[in-house]
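Going by the order they are written in, the chains are A, B, C, D and E; count residues from 1 in each one.
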Amino acid sequence: MSAPSGNDTTTNTTTLLPESVSDLIGSGQEGGVSQQFSAWLSRVRQGEMGALPAVAGFIVLSILFSFLSPYFLTERNFANFLTQAAELVMLGMALVFVILLGEIDLSAGVTGGLAMCIWVVLTDVTKLNWFLALLIAFAVGLAVGSFIGFFVARIGIPSFVVTLGLFLGFQGLELIVIGAGGNFQVQTPAIVALMNNNLPVWGGWLMLAVFVALSLATSFWDRSRRTAANVPNGPVAMVLIKAGALLVLGGLAVFLLSQDRSASIIAIRGVPIVVPIVLAVLWIGTFVLDRTKFGRYIYAVGGNAEAARRSGVNVVLIRFLVFVICSFLAVGSGLFTAARVGSVDATAGKDIVLSGVAAAVVGGVSLFGGRGRLVHAAVGALVIAVITNGLGLLNLPSGLNNVIAGAVLVLAATIDALSRLRSGGSLFRR
Amino acid sequence: MSAPSGNDTTTNTTTLLPESVSDLIGSGQEGGVSQQFSAWLSRVRQGEMGALPAVAGFIVLSILFSFLSPYFLTERNFANFLTQAAELVMLGMALVFVILLGEIDLSAGVTGGLAMCIWVVLTDVTKLNWFLALLIAFAVGLAVGSFIGFFVARIGIPSFVVTLGLFLGFQGLELIVIGAGGNFQVQTPAIVALMNNNLPVWGGWLMLAVFVALSLATSFWDRSRRTAANVPNGPVAMVLIKAGALLVLGGLAVFLLSQDRSASIIAIRGVPIVVPIVLAVLWIGTFVLDRTKFGRYIYAVGGNAEAARRSGVNVVLIRFLVFVICSFLAVGSGLFTAARVGSVDATAGKDIVLSGVAAAVVGGVSLFGGRGRLVHAAVGALVIAVITNGLGLLNLPSGLNNVIAGAVLVLAATIDALSRLRSGGSLFRR
Amino acid sequence: MDTPIIELTGVIKSFGPVNVLRGVELRAYPGKVTALVGDNGAGKSTLIKGLAGVQPYDEGEVRFEGRPVSLTHPRDASALGIEVVYQDLALCDNLDIVQNMFLGREELVAGTFDEGRMERQSSEVLRSLNVRTVKSVRQKVASLSGGQRQTVAIARAVLKKAKVVILDEPTAALGVAQTEQVLNLVQRLASQGVAVVIISHNLADVFKVADYISVLYLGTMVAEVPTAETTYDDVVGYITGSKTYNPTGARA
Amino acid sequence: MDTPIIELTGVIKSFGPVNVLRGVELRAYPGKVTALVGDNGAGKSTLIKGLAGVQPYDEGEVRFEGRPVSLTHPRDASALGIEVVYQDLALCDNLDIVQNMFLGREELVAGTFDEGRMERQSSEVLRSLNVRTVKSVRQKVASLSGGQRQTVAIARAVLKKAKVVILDEPTAALGVAQTEQVLNLVQRLASQGVAVVIISHNLADVFKVADYISVLYLGTMVAEVPTAETTYDDVVGYITGSKTYNPTGARA
Amino acid sequence: GCSGNGDNSKAGSAGKAASKTACVILPDAASSPRWENMDRPDLKKALEDAGFKTDIQNAQGDTSKYATIADQELSQGCGVMLLVDYNGAGVSVAKKAKAQGIPTIAYDRPIAGADYYVSFDNEKVGELEGQAIVDGLKAAGKDPATATVVYMGGDPTDGNAKMFHDGADKVMSAAGIKPAKEPPGVWDGAKSATNFEQALTSLGGKVDAVWVANDTNAAGVISVLDKNHLKVPVSGQDASTAGLQNVLLGKQTGTVWKHVPDEAKAASDLAIELLKGKKPTVDKKLDDGTPYIAVTPVLVGPKDVEKVVQAGDASASDLCTGAVAAACAANGVK
C-alpha cells in the first residue's frame, strides 16, 4: 500500500493534471480598453450596477437642489456637506460589515453615543487625558461588539433582538452616565478640530497624491502577480484611466476646498480634516474585504454560511468579528458627531442608525447578505446626507421637511430599483 | 395522433397510477395519544418549538416579577396587562404577515398613528361621525399598505427603505394633520370603551364558549374530511385534550377577570372588551394562514419565492397584499393605543414598531421568512409587554429602567436561542 | 409525420455578453417522447425555462397546437397544460411534501383546504414512483434526501393531467429502481397522449424511452432525429461536436 | 488484505424519530476506490456528512489511519486530509468560480491574495475536467448550469492533494464526456495512493472504477464486497433488499 | 425664504445680503406643539413685517441635525441667530456665530455664551404646576404631607424636563409632599399611560394627586384615572386642546399656559433691534451676566380657558365638542 506523500495535504497543488494545459479559460481581463468597457457595460445591463444608481440619484438630487437654492452649489456648502456626511458615511461603512452577513446592528448609533458619553465624562469630569479617554471609548466599542458577537455568533440569538435590547439599554446607560437633563461640552481642541478645522492647502493636495499613488501601486502590484502566474492582464491603459479619473475628480474637489469659503474676513480654506480620515477607513476596509481571507470569508458566509462552514471557514469567528468591527467603527461615527455638535447628551446616537442602514441599502448593499461594498454605503450615505443638506437650505416647516425627506428617500430608492429592473436584474433580486 | 382529453388539464387527478395503492405513506396522524405526544416531543427536541421558548420566557419573567412586586399577581394587574399588551399583540400580528415574506415594515407604527391623527381630527374638529371617520382611518391604512406594496412588489425597492421613508414622512404628516392644538382627546365613548370597559361577566364566559366551540368544530371538520378521503385520523382524544386545555386555561383567565378588581367602591369586573377583538383577529388570521390558498402562498413565497413563482403563484400580488394587511391591522393597533391613552398627538406610533418586530422574533418568527405563526408574535408581544408591566411596578429610575428592559429582552431571547441550540436545531438556523 | 403540439423556431437567449441560445428549433409531439440531449452548458435548461415561462426568450416564436403563444410567466405555461420538472427542483424547503406537491393547485372544499384528499393523492403518486424510505408525507422537504426531493418534484408534475410534461434530468439523483419507475412513467404518459420532453445525460435511458432525439450543441440545435434512425455513437458525436447531422428524411 | 485508512464502526445517526443510520460499518483503503451504493434515502449522504464533520454522528467510532478521531467540524476532516464533494454541492452563489474553488485555502502573497496564481490553477483543473462551455473563471457560480456547478465542486475537491476524497454522486449532472473524465480522475487519484469513496446510482460506472462496493440498505450496511467477487445483479439485489449478502471470505 | 434673493451666490456677497436674515433654530416637534405651531408663525410674521428675511428650522430632537442646520444657516448668512437650545447643541452654534460676529439670542432655554436670553421661566412653569397640585389637594381636603402623589415627569434626557421637575418639586416639597412613586419620565402619552397605570397598581389603586409635566402625558394619566373611576388633581402645561378640554371637564386641575406670542414678541423685538445694528440694553441679568428678558407663564383653570381662547391660542370650536360643550357653557367659553 502506498501512502500519500506525508503532511503536505493542504500546501501543494495537485499533480493530477494530465499535462500542463496551455489554453486557459477566460478571466474577463482579455481584450483592449474598448472591449473592457463594453464588457463592463453589459455587466451593468445585466444588473451588476453596484453604486451606479446611487451615484445617479446623488447627481439628480444635487442638480435639483442647486436650482432650488443659490447656496447649494457654493464651496462653503460643499465643505459643510462633507463634514455633515462624515458621521453617516462612517456608520454606513460600519454597518456594511454586519449587513454583508445578513445581520443587523440596531445599536450601532447608541454604541457610538454611549462611548462618547463615557469619553466626555472622563475628560470633562474626571479630567482624564483626552487621548487616554478616547482609547477607553474605542475599547468600549470593542467590548460592545464582542458582546453582540458572542450572543449572535455563539448563542445564536437573532441580531435584531440582541441589538434592539442594547439599543434600549444603552439609551438608559447614556442617561446614567450623563445624568438627567445633562450635557457636556466637547472641550478638547484636537477633537473639535476634526470637524471644524481644515488641512492646509498643500495637505489637501498631498492627500490626493497619496490616494492616487495607492491606486496605482495596488494596480501594478496586481499586474505583476498576474504576469508572474502567466495569466492575461487587462490593458495598462485601464489602470491609467482610473487613476486619471481619480486625479481629475479629486483634484476638482481639492481645488474647490482650497478656495476661501469664509463669510467674514478670516479665511477658511482647505480640505476638512475628517475627509482624509474617512477616506483612509474606506481604503483600508476595502482592502481587507477585497484582498484578505477575512474579507473573502465575510462574503462567503453572507452568501452561503453552510457552504463556507463546509469549506473550513470558522463561521462563528467571522460572525463575531464583524460585530466587533461594526461597533468599533460606530464609535468613530459617534466621535465625528460629538466633534461636530460640540457637545454630548444622553440621546447621542439615538436616531442615526436607521439612516445608516438606509445608506447601505440605497447604495446597493443587499440586506440579505453577500452583496455590497464599503463604497456603496459611502455613496448611499452621501445621497441621504444631501437630502438633509439640501432641504436644510430651503427653510421648510418641520412637518413638511419630514414628509419631503421621506418622499425623496423613496424616490432615490426608486431610481435605484427601476434601473436594476429595466436591466433584467429582477431575477436575482431575492 | 390521439389528443389528450379536452380541457380538464387542471381539474382531474392523474390516471397514471398502475392500480389504486392501498398502503399509504404515513402522515403523522397515526397512533394513539401517547404516540402523538412522543412524536410531538421529538419534534420539539428537533428544534421545531414554535412559541414554546417564548412561553417559557413569559412564565419565568412572571414568576420573577411576582417575587419582586406583590402587585404583579393581582387580578387588577392581570387586566391592566391585557390592555397594555393589546396594541403590541396587534402590531406583532400585523408584522408577521410581512416578516413571513422576509420583508419588514418600519412604518407600521406611524401608519397607525397617522390614521388615528386623521380620525381624531375628523371627529373632533370636522365633527364627522366617528364611525365614518374610523372607516376613513382604516381606508388610510389600506392606502398606505397599497403604496408600500406597490413600491416593494412592483418596483422592487427593498421594503426597509420604502418603509423607512414612510416612517420619516408620516411623522411629518402627523404633525401637519394635528397642527395647532398639539393633541386631541378621544371623546368617542365607543372607542374609549374598547380599552377601558369590560364585557359583562356572562360575556366573558360566552366568549370562552365560542372559542372552545370553534376549536372543536374545526377539528371535527378536519376529521370528517380525512375520513372522507380515507386517510388515518389522529386519536379523537387529542382533540378533546386540546379543547379541554383551552377550557381550563381560558376558564381560569375569565374567572380571574370576573372578580372585582376595583380599588374603589364602584366594581370593575369582566374581560376587557379588547380581548375578544384581539382573539378574533388572531383566530381569523390563523385560519387564513393555515387553511386558505392565500395563506399557503405567503409561506411558499417566504420559503422560496422562485419556486412559488414557478408553481404559478402570483408572487407580486402576494407581496402586495401582505403589506396591505399589515398596514390595515396596524391601524387597529393605533386605535388601541389611542383608546388607551385617551388622546392622540403628533408622535403617535413612533416608538412601537421595533418592539413589534421584536415581539415576532422573540416569539419564534424567522426574519428570513417562511417560518412563524400569528400566535408566536402574540406570545412574543406578551413577553415584551410583561417586561414593561413588571418593571413599571418596581419604581426604578428612568436610566436603570431602560437598561433592565434591554437586558431582559436579550435574556428572553437567550432562553429562546439556548433551547433551540441544545435541541440540535442549529443546522436550520440560517 | 406527426403534428407537433409545441414548435419553437429561431429562439435566441443571451445573458449579457453570453449568447446561450442562438436560434434554436424544437418540436414535441403528443403521445411521443422527445429527448433533449447536449453537453453541460449547451443551453438545455435555458431552453426549457423559456418554454416554462420562467425565463422568457429574447427572440423566437413559440407555437402551441399550431397557434403562436407568448410565454412570459409560469402561469402562461400552466394555463396551456405544460408541466415542468426543473433541474434545480424548485421546492419550498419550509413546506412539507403534500404542500409542495399541491402548491398552486390545492384541493379545496368550501374555500379551505381538503387536506385529507391531498394527503391521499400525494401518498399514492409517491408510492407509484417506488418511494420506500419516506416516512411521512408531512415531512418538510428540507429534510429529504437528494433522490427523495427529486421524486417529489416529479410527482408534483404528474399529479394533474397535463398536455405537455417536460423533465429536466429527472433521474439524475434517483436510484436504480426509482429510475426504472420514472422511465415507465414517461412511457405511460406518452401512451396516454401526453407530449413528453425529457433531458438526460444518460443515453442508455434516452434510447430506451425516446421517440425523437434533439441534440443541442453550444446553443444551436444540431440534430433532430427519430431514435430509430440513429445510433448511440452518432448521438455522442453530435453532442461533443465531433459529428455533424445530415438529415436524410424530409425534415429540415 | 489492505489496511483501511478510514474505518467506521457502529455508526448511529437519528433525526428526531427517524433513525437514519443504525450501526453502520465502512472501510476505505488508500489507493483503492470504494463505492457506496444504496437506494434513495438509504442514508449514504448522511454517512458521508458525518465523515466530513458536517453533521456529526450520534454514536459510533471513526478510526483514521488506525487512530480513533473525532469529527465534529468540517475543519477536523480537512485537517486529516479528507476532501468531500457534497451532493448539494455547497457553493457560494455570490462568489465566482475561482473564489469558490479556493475558499478556505486561498493562495497568498504577503498576506493578500495571489489572484493570478489562483486563476491559473482553477483554469487548469477545469480544463482537465473537460469543461468547454465556461466562458470565464470569473463568472459567478450563480450563473452556471447544473453540470458546470458540479464540475466546479469536483475541481475544488481535487485542487489540493488529499489523503481521502469522497464524492457524493459526482456525475449525476454531468454529460457523457465529463463523466468519462471524472471516472478517469477517480482512477488517477487512486493510483496516486488516495483513498476514494464514491457514491453513485450508476452501477455501470461503479463497476468500472470501484475496487470495493459497500451497500447501504435502510441505514444498515448489508454488503461490503470486492467488485471482482460480485455481479451487477447481486448488487441490485442488495440495494433493493431482495438479496442478502453472505460473505464467503475472511471479512465479516 | 431665500428664493427672492437676487444676489449671486458668491459667499461674500451672500453674507452681506443675508445679514438682514434672522436665523432661528427650533428644538423639536415632540416635546410640545408650540414650536411648529406658534413660535414659527409668530416669529416669522414679526420679523418679516419688520422687513427682514427669516430662516426658521427645526432640529427635530436631534443634536446632530441641530449642528447641520446651524451650518446651513450660517452658510447662507445670518444677521442674528435666535436659538432654542436642544441638549446643549446650541452652545457650539453660539460660539460659531460669535466667531463670525453674529449676535445670538438664547430663546426659551439658556445657552452659555449667548448674547441675550429671552424666556419663560421653566422653573416657574414647574412651580405653577406644583402649586396647582398643592392647591388641588387642599381643595379636596387632603393634607399634602400625607397625600399620595405620583410624579410623572418629562423625558430626563431633555434638559427642560429637569427644570420643570425642580420647580414643581420646590413648591410641592415645601408643602410637605413626597413623591409616592416616580416612574421613568417620557414625553409620550402612550408610555405615560402605561407607566402611570403600573405606578397606580403598585400603590394599590390609591392616589391623591398626580404631578404631570405636560398635557400630552396628562391625557394618558387621566385616561387611566377615568378607567379606575378616580378624579384627583392633575397638572400639565402647554394649554393644548386636549389639556384645556380636560381642564374644562375638571379632570385636570390646570394647565400652565405659556402665551407664546408674548415670548415670541419679546424675542422678535430684540432680534429686530439687533438686525438694525443697535445694541439694545436689558435690565435683568442672569447669574453669568447675560441680559435676560423674562416672560411669565400663567396657570389656567376652568375659568381661565376663555382667556386662552381670547388670546387666540385655542379655538372654542375645537374645544367645545361632545361632552366638553356643556363644560364650555358652564365656564363661559365661546
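Worth pointing out:
Note that in this section a contact is a pair of C-beta atoms (placed from the backbone, for glycine too) under 8 Å apart; a residue touches a chain by one contact, two chains touch by 3 or more.
Small disclaimer: the values here were computed from a predicted structure and weren't measured.
Chains that touch both subunit A and subunit E are the following: B.
Counted by C-beta pairs in contact, the busier of B-D and B-C is B-C. Distance from the centre of subunit C peaks at E, each centre being the average of the chain's Cα atoms. Across the assembly, the mean Cα position most removed from that of subunit D is the one of E.
Put simply, the C-alpha centre of subunit C and that of subunit E have 73 angstrom between them.
Subunit A and subunit D, compared by their mean Cα positions, are separated by 42 Å. Centroid to centroid, with C-alpha atoms defining each point, subunit A and subunit C lie 46 Å apart. Taken residue by residue, subunit E touches two or more other chains at 29, 36, 156, 185, whereas all remaining positions touch fewer.
Subunit B has residues 175, 398-399, 401-402 in contact with two or more other chains. Listed for subunit D are residues 15, 17, 131, 134-135, each touching two or more other chains. The full set of touching chain pairs reads A-B, A-C, A-D, A-E, B-C, B-D, B-E, C-D. Chain contact summary for the complex, subunit A toward subunit C: residues 38-39, 42-43, 45-46, 427. Residues of subunit D touching subunit A in their complex: 2-3, 29-31, 52, 54, 74-75, 78, 80-81, 84, 86, 90-95, 98-99, 103-106, 108-109, 111-117, 119-128, 131, 134-138, 142, 158-163, 185, 188-189, 192-194. For subunit D in complex with subunit C, the residues that touch the partner chain are 15, 17-18, 38-42, 45-46, 87-88, 131-135, 143-148, 151, 169, 172-179, 201-203, 218, 236, 239-240.
Interface of subunit B with subunit A (complex): residues 102, 106, 151, 155-158, 160-162, 164-176, 305, 354, 357-358, 361-362, 367-368, 398-410, 413-414, 416-418, 420-421, 426, 429-430. By the touch rule above, subunit A contacts subunit D in their complex via residues 1-5, 8-18, 20-21, 23-28, 222, 225-231, 287, 291-293, 296-297, 299-300, 302-304, 306-314, 370-371, 428.
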